[in-house]
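Should a chain be cited, it is by its letter among A, B, C, D and E, assigned in written order, with residues numbered from 1 in that chain.
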Amino acid sequence: MATINPEFGKELKKYGAFDYNACYNCGTCTAICSLSTETDSFPREMVRLSTIGNEDDIKASLKPWLCYYCGECSSNCPRQASPGELMMSLRRWLTSVYDWTGLSGLLYKSLPLSILAFLLTAAAVIGFSIRENFDLERIMHVGHYFEMIAIGSVFTVILLPNIIRMWWFVIGKPKIKVPAKSYFKALGELFVHMFTQKRALGCDNNQFRWFEHFILVIGYLTLLFTTVFLDWFSSSNLFIIILGYIESIIVFGVTIDFVSSRIKKSKEVSKHSQPSDWFFVIWLLLMGLTAFIVRLFIDLNILEQNSWMYLFHLIILAQWAVIIVPFGKWTHFLYRSFAMYMAKLKIQS
Amino acid sequence: MATNAQPRILVFSTEKISDPAIDLAGLLKKHYPFTVYTISVPCSSCIKPRWIMRAYEKGFDGVFIAADGTDCSYGESCGEKTSHIVTSTHQLMRDKGLKPSQLKMAALCSVCAEPFVKHITSFMKELEKLKYEALSTK
Amino acid sequence: MNTKTRTINIIKETRKVSAHVTEERKKYVKIRKTILETLKTEGKTIPQIAADTNLPVAETTYYLMTLQKFGEVTVEGIDDMDEYYIYKLKK
Amino acid sequence: MNTQYDVLVVGAGIAGEESALKLADMGFRVLLIEKEPSIGGKMILLSKVFPTLDCAACITTPKVSETARHPNITLLTLTEADSIIKENNGSFSVTLKKHPRYVIEKDCTGCQECETVCPSIVDDQFQFNLVARKAVYIPFNIANPRVALIDIENCMLCGSCEQKCPSNAIDFSQKEEIIQVKVNAVIVATGFNLFDPTLIPRYGFGKYKNVITSMQMERELAPTRPFNNILRPSDGKTPDKIAYIFCTGSRDQTCGNAICSQVCCMYSTKQAQLLMGALPMADITMYYINIRAFGKGFNEFYMQAKDMGAKYVKGKVASVSEKENGNLILRYEDIATGKVTESEHDLVVLSVGLLANPAITSVFKDETLEIDASKYIKQPELLQSPALTSIKGVFVAGTATAPMDIPDTIMSAGAAAAETSGYLKQLS
Amino acid sequence: MKKKIGVYVCHCGGNISDYVDIEKVKDAVKDEANVYLLKNTLFACSDSSQKGMVDDIKTSELDAIVVASCSPKLHVPTFRGVAARAGLNPYNYVQVNIREQSSWAHSDQPTGATEKAILLVKAGIARAAESQALTPIKIPTTNATAVIGAGIGGMRSAIALADMGTEVYLIEKEMSVGGHVANWGNLFTANINGNELAASLHNEIKKRPNIKLFTNAELTEKKGSIGNFDIKVKSGNETLPLHIGAFVVNTGFAPYEPVSGEYHFGEYDNVITLPEFKKLIDTPASELVYKGKTIKKIAYIYCVGSRQDEEGDNKYCSRYCCTAAIHSSIQVKSKFKNITNLHFNRGIRTYGKQELHYEESSKNGDIYLQFSLDSIPQIEKKGNKTIVKVKDILTAGKELETEADLIVLVTGMVPRKNENLTNQLKIPVGRDNFFNEIHMKLRPVETVIDGVFIAGTCQSPKNILETLNSSMAAAAKANSILTKGEMSLEPTLAMVNPAACNLCDNCFEACQFDAIVQTEYEGRKVAKINVSNCKGCGMCTPVCPTDAIDLADFTNAQIESMIDALTE
């Protein structure tokens, strides 16, 4: 027996949900969704659970992560209840539920707080630079180590506990029995989805969007690898230098397209952008672009004179690493992959 | 009347509902035997048993009442009343040695041309059989 | 008997027959002939007629039903599966 | 022809007929115009009507002939109002356009000899394109007036009909006529438009032959039906798994029609009952959102359909796809289980909705005939005098105001007659 | 007596003559008794033919004419007109259908078609020989109507009738007018209050001198028939005799009263009905308070008293309640802060434009839960909390529960009990116990009792708009019958031969229209037809044991002579 909680809607609206109350439960959204199957039917179920405020069932559900927001549900909804946007909002809400620090929720719900966080991070980087007397070499050196440390600590302190919390809501708390060896067997699912997001291919007419995402993920991950482990900015290996250029072009090239479609609101998915969506694409764009320019300045030998450029890049990098990656939309990438993994676990239970 | 001629049927139709259906059968050139004659009345519940008996006396082999069914504009009881007329006429027919199957009743809507033709064709076949049997027992 | 002037000549002066109308008519004449021809030997169902005449099946339905409406063909019976009616020429 | 009338009634469907008859019975002189070649509107084309299942023709034809014969009613078919202008004295100056029939109405005996010789073939719009008709034709068997007309756009101009006509009724010299009349009041009874399902491409209407509209099914079930049996159009097979998709074009913001069409639930339920009678072995499945069985005897009728075996599935069909054999796959969420489900049917009927038909508003030249948010004629005093419109002396009846069923239409037409009569009495 | 009959056989331009041998027909009937004149014609219905017939009738002084052509449905009025123009009684005209029922029906066997046509024409001649001149019956009518019930519908009927020139007696049982609506606040589909609407209609009534309103009044006596009823109305202590032509019955509905214990109605103090709730939200206040408790969460339970199962009486849907409840929920939300509405329904039926209210309420955040009849919501008390539990169809049958401050039972409409009126007017009721019309579509405001019209919610549940439409439609119907001051009835009615009548009650029972009355004939009591009620169906004729009743134009003589002719 579940208790109806009308208050839940008010909370959800802070995460961007709107008009989903208009739903009259015809099921068009669920049947039109090409990812929806007899075993995993959505989004109406999520709309319904949100309407009656059944938080526990939503927390235990992986369905918000199974949606890749092609927007068919929203554009065909007879009541214009925007089920697609509700799914997006649920993803934001779930992110904040998984996040043990509670910061994620605060940042999603409050734009001023988000801006403050960005400003503080920027101030910290600038403060550090002042302390170092704007010594470019020193700053670049620390910047390089900062990247490594940030990756490690964000993952162990924030993301890993959050994924464990996700597991708890989805599998632990509902007492789903999963044989231990399944956890290994299903790992393949995790990596395949993490690197390819192949599920998004199931969306109708989505090949191009999937391809964009695919090369973006590859570009982003390899750029990360190239800068952190191959030390792109300091490398003199021509292959590494060119690789870095290509990767950074991919990152900002693809994100330019994403930003412009959000501005044009041309697709259902880009009609209702929240600040967190803007931060994600713009910072990704800036990351790629500033990395590209920094390396270009190095190759043109003008970085010394324009050390502000690296500083700018570092600010972006720091904001990305301490705000967007642990608490922002970046986590969707992680949770989606783990959702596929846990879905596999549930099947094997 | 020659016994080998095809049976003759008198149809009582209703002016507003079943007669238009019979008209429509003609209009659509849905053929039926020409020895079927129609007398149209306001409502099937006004058909007197004596008229039906008169028809047999004068040489009709069968009488078909094309009733209105539930479409009757005079009210719902018309079907029931018509059935009553059929029952009491059956009594009279038995007294005269006529077979009850020589009197048929069916509801026809105003565009039921095809059902009319079907009813009449099967009724005609039955009457032919009756006639043949009567002939062979003689 | 027919004493009135032929009014068709009046309208012919102001109107032209569109190519589409002529096309449709030609098509009908041809299809009609084909269908009636194939039914000469025996009654057939719509899929059978379509197969025999190489006409698309939906088109066959449309024209056969039209021929039925105009009184040129009629139902003979139904196939063993009670699925398809068998149509024959109306004498 | 007389040029002075008390009332002009625009539209001779059941609403227009009822208003005209009531006013004529009260002694007013009524001019009734109809743009189609026959009066009777859409109702005359129906099979049977819910919830009593009496045959539509049996109900319509007496009203239609009474209208055509009434001494106080002048009836013009193939006629449209071109402009209606209010004069200073409150009366209306009306310009009518009467399209040529190319057949002399009073001479035609309805023998259909002309049809036998006409070489031109065209989709029969009165059978909703399920079969063809000739270019010279009688609209349908129970048309009134039951006289032929020539569809000049599709005519070969061969003149065979003129030669064949036994009563010399064909007259190609007819021209469009402009008729000027003065009336004291106008009743708008222009009815509704049917929703065009090609606007929902997901349902495949127009692409898949076995997806038909409820109006086409209505014709298939009518006694003067195009196929003479219930058949599916792709290959003439007798269907045995029939699906109804409710709310096609109703309660749907994506096609711009947020309101409920009020009749589709019941006419679909009626068709299901008729189909179960005609095809006792067939499975009928109704995919619905809510069942609007609200009127007198409706809920009982709905329960009866269920008892007879019609399956009602809560869930709106999202899409239809075709298999090679012409069968159709419907994808929907079964709300009862919350699961996406696919089902196969060999015939799909779209329960199309009713839409407003606001074309008449452009005819009023000096004052605006206002429409409401759903594009129906606005009733400014809805709960006091529902037949009033935004123009004094112009009244409205039937589905020109909102979607409604036949009894409600007749009531609304009666109300318009009462309102008009009161208005005319005050004028004089 | 030998009659002079003119017979015309139509070729119908080949439609008949292509299959029926017209000359053979003429030959066969030319020697029939009574045939005075016999012609064939290319088109009997053509203008020239009609003129020729008029001349023939006049010059040959014909007693009857027979036209053998197409279906009577097409041209009986045409040729009756011909007869009338020539001074011949229209009922001395007989049409024989040799097209639809001979030439076309038997185009496959022309000989047969000819043989049948001959017999049909002979039968027509025989019928014409037995035909009698009949005159349409005219009865004077009084242009006055009694409208019973001064709710919204009754008042609107009265105003419409008065505007059309009919005298109106508006009879209301209560002390005040407006019925239920007068107690209601804001109404759906229009921005007006119920009490304002009632008051404005009342005001219109006061303006019209030809409406006489009687409150605290009832009908105590009714005599007579359509056009001329003598009634008595008791108003207060006075009893007034009135003469009217028709009744418009607009007595409205009664709200369904939940049986004790139904959803704990009467047991829990916070379970109320929709009408009570409507009243509650109309009271001016800044907070919604019921019995001292502030109300924030409201649960509406739909279909209370409607759509009942086998055990209940009310199988019908009450039509107005879904929208009324939703409308109230929108009102309550706009008027008071922090209200949560929970709608426990069985499928929302906001038909037509009312769907927009449903949409609005959903967008407002109202929560809809759907249950089926076999698992209705359960209400229970936990301490001082009221809990509603439901198995929600929309959540895949999941069991849900919620607390609620107030439970509103969305009650439907039931027929108002009014035995006195039912006894007086004898209006039949349908299976739902509401008054029944003759035919839902052809004659939706008429009852089998001629001159007694019904409108509004006494006929079936309706909303205000529908009530108004039916009330005005009933007014239009009544006025169209009464306005001319006389009624013309088809003369093809039943006739009693008093000499043969033994006065049993068979015909009284057979007649559905109350058209048979008793009269005196040569000192005996016999049956007589009340022509103003007779519909000419003839149902009474076969039941007479002494064959004393005949139907004009369908007499024994006519039908039997036709049968004889067909078997010659």
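What we mean here is this: a residue touches a chain if its C-beta (ideal position, glycine included) is under 8 Å from a C-beta of that chain, and two chains touch if they have at least 3 such contacts.
These numbers were taken from a predicted model, which means no experiment stands behind them.
**Q** If you apply the touch rule, which chains end up adjacent to both subunit C and subunit E?
**A** Chains in contact with subunit C as well as subunit E: D.
**Q** Treat each pair of touching chains as one step and give the shortest count from subunit A to subunit D.
**A** Minimum step count, subunit A to subunit D: 1.
**Q** Find out how few touching-chain steps suffice to connect subunit A with subunit C.
**A** 2
**Q** Which chain is in the middle, if each chain's centre is the mean of its C-alpha atoms?
**A** The most central chain here turns out to be D.
**Q** Can you tell me which chain lies farthest from subunit A, using the average of the Cα atoms as each chain's centre?
**A** Chain centre farthest from subunit A's centre: B.
**Q** Which chain pair has the highest count of C-beta pairs that touch?
**A** D-E
**Q** Could you put a whole-Å number on the gap between the CA centroids of subunit A and subunit E?
**A** Centre separation, subunit A to subunit E: 67 Å.
**Q** Distance between subunit A and subunit B based on Cα centroids, please, to the nearest Å.
**A** So the centre of subunit A lies 82 Å away from the centre of subunit B.
**Q** Quick check: how many Å separate the C-alpha centres of subunit D and subunit E?
**A** 23
**Q** With centres defined as the mean C-alpha position, give me the subunit C-subunit D separation in Å.
**A** That pair's centroid distance is 28 Å.
**Q** Using the touch definition from the top, which residues of subunit B touch two or more other chains?
**A** 20, 24, 27, 29, 73
**Q** Going through subunit D residue by residue, note those that touch at least 2 other chains and give them in order.
**A** As it turns out, subunit D has residues touching two or more other chains at 52, 54, 62, 228, 251, 290, 335, 338.
**Q** Where does subunit A touch two or more other chains at once, residue-wise?
**A** 24-25, 45, 48, 79
**Q** Strictly by the criterion at the top, what is the full list of touching chain pairs?
**A** Every touching chain pair, ordered by label, is A-D, A-E, B-D, B-E, C-D, D-E.
**Q** For the complex, give me every residue of subunit A touching subunit E.
**A** Interface residues on subunit A, with respect to subunit E: 1-4, 6, 9, 19, 21-25, 45, 48-49, 51-52, 54, 79.
**Q** Okay, in this complex, where on subunit E does subunit D touch?
**A** That would be residues 12-15, 42-43, 45-47, 70, 73-74, 77, 156, 160-161, 163-165, 187, 189-190, 192, 197, 200-201, 307, 315-317, 319, 347-356, 359, 393-397, 430-432, 434, 439-442, 444-445, 459-461, 464-466, 468-477, 479-481, 483-484 of subunit E.
**Q** In their shared complex, at which residues does subunit D touch subunit C?
**A** Subunit D residues touching subunit C: 102, 115-116, 119-122, 130-132, 135, 152-159, 162-163, 168, 170-173, 209, 226-229, 231, 233-238, 281.
**Q** Of all residues in subunit E, which touch subunit A in the complex?
**A** Within the complex, subunit E contacts subunit A at residues 340, 342, 348, 358-359, 362-370, 389, 392, 394-396, 398-402.
**Q** Applying the document's contact rule, which stretches of subunit B touch subunit E when the two form their complex?
**A** 8, 10, 15, 19-20, 22-27, 29-35, 37-43, 45-51, 54-55, 58-60, 73-75, 77-78, 81, 85
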